[in-house]
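Pasting the structures in now, so scroll down.
There are two complexes below, and they share subunit A, which is joined by subunit B in the first and by subunit C in the second.
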Partner chain A sequence: MELRYFIIRRLLLLIPTLLGLVLLVFFLLRMFPDTYLVARFVNPKSPVPISVQYANAKAALGLNYPIFIQYFFYLKALFTGQWGTMSTSIYTGSVLKGIELYFPATIQLALFATILSIVIAIPLGTYIGARPNSVADQTGRVFSLAFYAMPVFLLGLLLQLLFGQNVIAGNPLGVLPIAGKFSFNAVGAIPPPWFDPSTGLTGPTHLPLFDALIHGDWKLAYSSFIYLILPVVTLTLSLLAAILRFIRAGMVDASNQEYVKTARSKGVPESLVIKRHVRKNALIPTVTVLGLLFAGLLGGVVVVETVFNYYGMGILALNAVINVAIYGVLGTTFVFGVTLMAANLIVDIAYAFIDPRIRY
Partner chain B sequence: MVDTTVMQAKQLPVKKRHPKLEDYSHTFRLLLKNKLALVGMIITTFYFIIAFLDLVFPRYLGVTNASNLLSFSIPTAVTPIGPSFSHGLPGLLGYTEFYSHQYPLLTISLAAIKFDIGYSLFIVLIGAGIGTVIGAIAGFKGGYIDEILMRITDVFFSIPFLILALAFIFLLGRYIIMAVYALLIVWWPTYARLARGQALYIKSMKYVEAATASGASTVRNVFSHVLPNVLSPVFVQISLDLGSIMQLFAVLFYLGVISDPYFPELGNIISLGQNWLGAGLWWPVIIPGIFILLFTVSINLLGDGLRDVLDPKLRR
Partner chain C sequence: MVEEQQEEIKTKNNGEEYLRVENLVTRFFTSKGIVKALDGVTLAVKKGEIFGLVGESGCGKSVTATSIMDLIPDPPGRIISGSIYIDNYNILNDLPKLARINVKSETDVRVKRNKRLIKRHNFVISKIRGRKIAMIFQEPSLALNPVISIGKQISENILLHNRVEIANSIIRRESLTQEDVRNFYNEIRDTKGDFRPLVNKWTRQYAVPVAEDEIVNILKSGADSALTLKELTEVIMGKKRGNELTHITTMRDYYKREEELFELTLKLVEAESKNEVNNAAVLEQQIEYLSYSLKKDFSSFIWKRRLLGKRFEVVFEEEARRRGIELLTLVNIAEPGRVYDAYPHELSGGMQQRAMIAMAIASNPMMLIADEPTTALDVTTQAQILDLIRDLNKVTGTSVLFITHDLAVIAEMCERLGVMYAGNLVEEGPASELFNNPLHPYTTGLLSSIPRADVKSRNEIKLESIPGSVPNLISPPTGCRFHPRCKFKMDICAEKKPALVEVQKNHKVACFLYSKEVVN
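Moving on, here comes the complex of A and B:
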């Protein structure tokens, strides 16, 4: 089978998973009693009797229909952008708008961490895995185990302590800011029109680094870059540790295979053996776990956003839970689910690309 | 003459063989040979002993009212004292402070270990039990039961664990026990998939075919052939997951989702002490952090060792 057909089949498989995801979110919604869902529409001061208001609101929300019809209503609402409204301490308004404002920061952290850790992990893992039980290998194992086992918030706090500005007096390493997206001093006395001082958000991408670059504001771009370092490093270290463990195991496993021995015995240079025979096969099991690791990473992003006050969808979701904003919880859960599904899709396609066996 | 020899033969002590037990002791000896796994096992055992002591003889650890941090506190609003030998045993690892109360870090961390280990163990064991049985039955039965199960686990795996746990805590209520249920709901699919994969493999074995041919029912097949063989990968997974679950549990407290500020839990202790980090005081965060880290590292070492030992390919 060609890669093309594999991708089409994989895309079709996305539909039932997406419907299942919506079903789960719908289940979360419908587990709340009707009175709870209707409460927003009932006004006790209105001259209309409460029972009539209740019945009207119930009819308007479609709660009188059978449950599976309600599911289709929910699907329709979801795909036409009617995600409801939320009211939390950091954001009040339409859920969709809130996600549009805060989601870029989340995906930015996740993407930067993923790219950085893959770029570091492949050469480092190859180096370590090619020298099992050497000093480099043992050091690498200890560090990757420690960072793998460390909760993300602890790692973030540790990095804040070591590299945070004004945390420990007289610490020469303490140069990096520990909270926020950029310094308000970098904005200037008169904020530019693309900057909203009340929410601290910038347009059009809502990512301060890219927005500042688009508008040519180098001072703000530098500031947002500095503020991005610690959150991204925290996520990168935790993801890198996990990937490194798998690459190392894969390298050791692959270098015991018969074809590697054959390649060595026929006199292929060692560097070529590692590059062509060992590493290529070591990456296959690593790619399979990447989807699972990305799920962990998205959870880590929520924690890192909280630790570093880097306002993103994780903080939005958390606030929705704490402030009992039901549509906020459902919307953010759905978007996180879709993000993970997209990541899994990419991982599967990469898998089929690397390992031709999987396509057949 | 013949009779006496028979008598003697009968009186000879018959050495009863226990192949399962021999296998376990062999596994154990292999595990002891692996230095890192041994270290992991010793530290993990130590944690379990602390948790057990705390459960049975709380007085020895200075714990009086275990489920409330306030009972450990000294009401004085000063900057927390650092780790020192001059304040007796409780002050050995320093103090943390919040809402004008001083809390000895050693005592509250020891008290927290019981709850952390207890709840994590509960989640992992119950989750593994439910997931393994469901997965084994689905994998063995095949057909539409299997298909439905796989679609359900697909949905569970399509949302990040933490987000799903948050959503279920939102649904169930922000209490500790609800967090435990939420993590159970989040975690069982892992085991269901693992057990299903193994069950599919075992189903194709000759001895299962023989058992089916001689009239064994599905339930009998699953419980006497599939489950015993699924057990060792599940056991490895349990030991690896115990650390992850403890982390997730600590994260839920750290994020403030569970609204009980005085519950002794390591993540909670860190979150209460983290305001002191801005002032450059490291111990309110680092000391409870080390307690979490040491446990998760050692349980991972133990799990890795167990996997190596129980994997038939790497064994012997």
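Moving on, here comes the complex of A and C:
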């Protein structure tokens, strides 16, 4: 079928796009002077002369080759799975392993926020959009504009103030933990074999909630769930606000179209007019912007991870940048890029399903 | 044959009115002021006739049509007063109770709506739209929902209004016996000439899915009667779906009760409007009891329907499809099966308008409002669509309210004609009479502004135009709304409003040149 070819074509298009992404990040990183890049590998207290250390580190990082040759070396490494090593304050070791450890937390936050926002936004947007200028609509508009305009970190901090445990003394609402992935009290004196105390990570998915559920540890599962609430709510509110605005605008726009009048003239009851005729059309523009919103969401996740100390790939990437771990930066950027493109592909396919006018 | 049918319908109906609009007043409350769009429109469309409505743009033709369908967008618009009788039922019975309008000033109007009654009103009107009266629009590409297939849009109409009937035919189909098929075959053998109508009727009655061609082919090829009968029985029995009859019976009973609820609500609204307090109280109780028992007796049904959604109604869809394809054939669409599954953007403008017509007539309404249905089409397609509407009117006896600004189209299509100006009907009568003997100065002006090839050579004739333009309806002229543009203006014209009076046989006009009667 046509859709299959569309997907294949889009997947093939991923290749040049990703090559371009790597090219861009690679050359931007190489804008640093060589001394800066190798500084971390030079130890002034070592008996080896600094110039020798410098030369060795340069050779080890492959900086002696012309820059485009280095690019192809890196590409080869990328495709053979040798993504290099990184040394940062939170993680030291192979980049691939680091991504494996921290990426699940990021994708978990992003997915929970996306699913929750969509599940809430569609019925809420339908309700509001079907009653433009009503009290419900005005309230919804005020809130969605406020959350849409507010930076994610501010929203996160405000939620921490309002609901955070031990943030404001005597706050009856302050019941939710504000930092971390779970309480270490929930782990117990003798940690289970699937828990690594040195990194604070669990196996095999590295997501405490799912790992605890897999191993039937209800206490840890509950704790992980409680710790997930604030970061997910923060992300959800900001994404929900944006989606709600688009659905509402789409609903109002679609309600004024001629085909809605046609539907009523056939005798379709009002509730079905909204559900069948208006909403279906209102979702089309919403789906279009969903891809863009997801890109914004990934940015938001990095911020939220930092605000809530929820260790994920955002924090990993941030630390890689701070510590000039070039392979760490390249690897995490590459994975973020792939994630974003996958999300966009899904959005495009969904779009083709919703709107029959799309030719692919 | 068509003409015979037409005559038959004509004599049967004998000038009975299907649609009667009386003193319809519709206004739009905008931030710039109140637009007095309709100012007491009165018109009637008889059964089986095509009634044309003409006038300049902005004179209220479309608002009249939209008001008759009760589709005036609220806010900003509202029907203020008047009555609209469709098949002898006034759809505006409960109008005064629906909303209280408090006019503080031209730009500050507060409307207090009674939500409960509006909900009831919408329930009643949604059962009248589609099955008693339907509408087709000017721009078919905009009037069809772009994301729903043509077939779904047609079957939506069928499923909204014919569920009980379809359920009955499915039950009949599932309990078909060989005996029934034999009787059918005998009946066909006895008919002389074309047996296709009989096959159509029979497949409809028994909801036999898409099998007409198959059946006709068997009947045509069959030389040996015993063999044909055997083949026929096989095909027809093969169309049984093995649906659970209890399930379908429950569905039918549920929808039947829903229809009863509608009938009762209709009566209640009527009783309330006539101030029959006791009668209304009884009806109200009956409705309450019926809706309560509906919820109670069919609670598992309602839950199943809610959970399964569309899949629950799959049984009906096959028959809806059969009927949909039948309708598409009726409006002369080639390859109706393909078009049924197509989306609106895949069709040309003319095809879209045909599909639109098929959708409108899906539940056999006896009144069709056509709001400039050919304006957006090219000339050759225009002619085909006009022919189609005329044929439908002849074959099914559907009355048509035809709205256009194109006088040539009106002359070709309509038996009677109404001329509108600035929210009023100014002249009404048989089309030929109006064309040959226009009375109202506006009609005269309108007619002399069309070029006519047959009267004089082009050099001799100068096209006349009516000076000025349609007035702003926020502050319309006092008295007769046409007087500022009228050549025969008198003193009374600016003060009083002329009533629509029959001044010649079947020929009504609202002008002080002919009658001094005044609207009070």
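Criterion: the second predicted complex is superposed on the first by the 313 of 360 C-alpha atoms of A that agree within 3 Å, B and C clash if a C-alpha of one lies under 4 Å from a C-alpha of the other, contacts with A are read in each partner's own complex, and residues count from 1 in each chain.
To be clear about the criterion, contacts are C-beta pairs under 8 Å (C-beta built on N, C-alpha and C of every residue); 3 or more make two chains touch, one makes a residue touch a chain.
Given the structure is predicted, the values throughout are model-derived calculations rather than measurements.
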item	value
Room on subunit A for both subunit B and subunit C (clash or fit)	fit
Dominant contact partner of subunit A by residue count, subunit C or subunit B	B
Contacts of A:Thr262 with subunit B and subunit C, given as first, second, both or neither	second
Following superposition on chain A: angle at subunit A, subunit B versus subunit C, Cα, nearest 10°	80
Contacts of A:Leu28 with subunit B and subunit C, given as first, second, both or neither	first
Partner chain(s) touched by A:Phe147 [first = subunit B, second = subunit C, both, neither]	neither
Contacts of A:Gly296 with subunit B and subunit C, given as first, second, both or neither	first
Touched partner set for A:Arg357, first subunit B, second subunit C, both or neither	second
Touching partner for A:Asn281 - first (subunit B), second (subunit C), both, neither	second
Where subunit B and subunit C come nearest after superposition, their Cα distance in Å	11
Of all residues in subunit A, those that touch subunit B in their complex	16-17, 20-21, 23-24, 28, 31-32, 145-146, 148-154, 157-158, 160-161, 167-169, 292, 295-296, 298-299, 302-303, 306, 317-318, 320-322, 324, 326, 329-330, 332-333, 336-337, 340-341, 344
Sites on subunit C touched by subunit A in the complex	66, 69, 71, 122-123, 126-131, 134-135, 137, 139, 142-149, 156-157, 160-161, 343, 345, 356, 359-360, 362-363
Partner subunit A, residues of subunit B touching it in the complex	151-152, 154-164, 166-171, 174, 243, 247-248, 250-251, 254-257, 267, 270, 274, 277-278, 280, 282, 285-286, 289, 292-293, 296-297, 300-301
Footprint of subunit C on subunit A - complex, ascending	257-259, 261-270, 276-277, 280-281, 284, 354-357
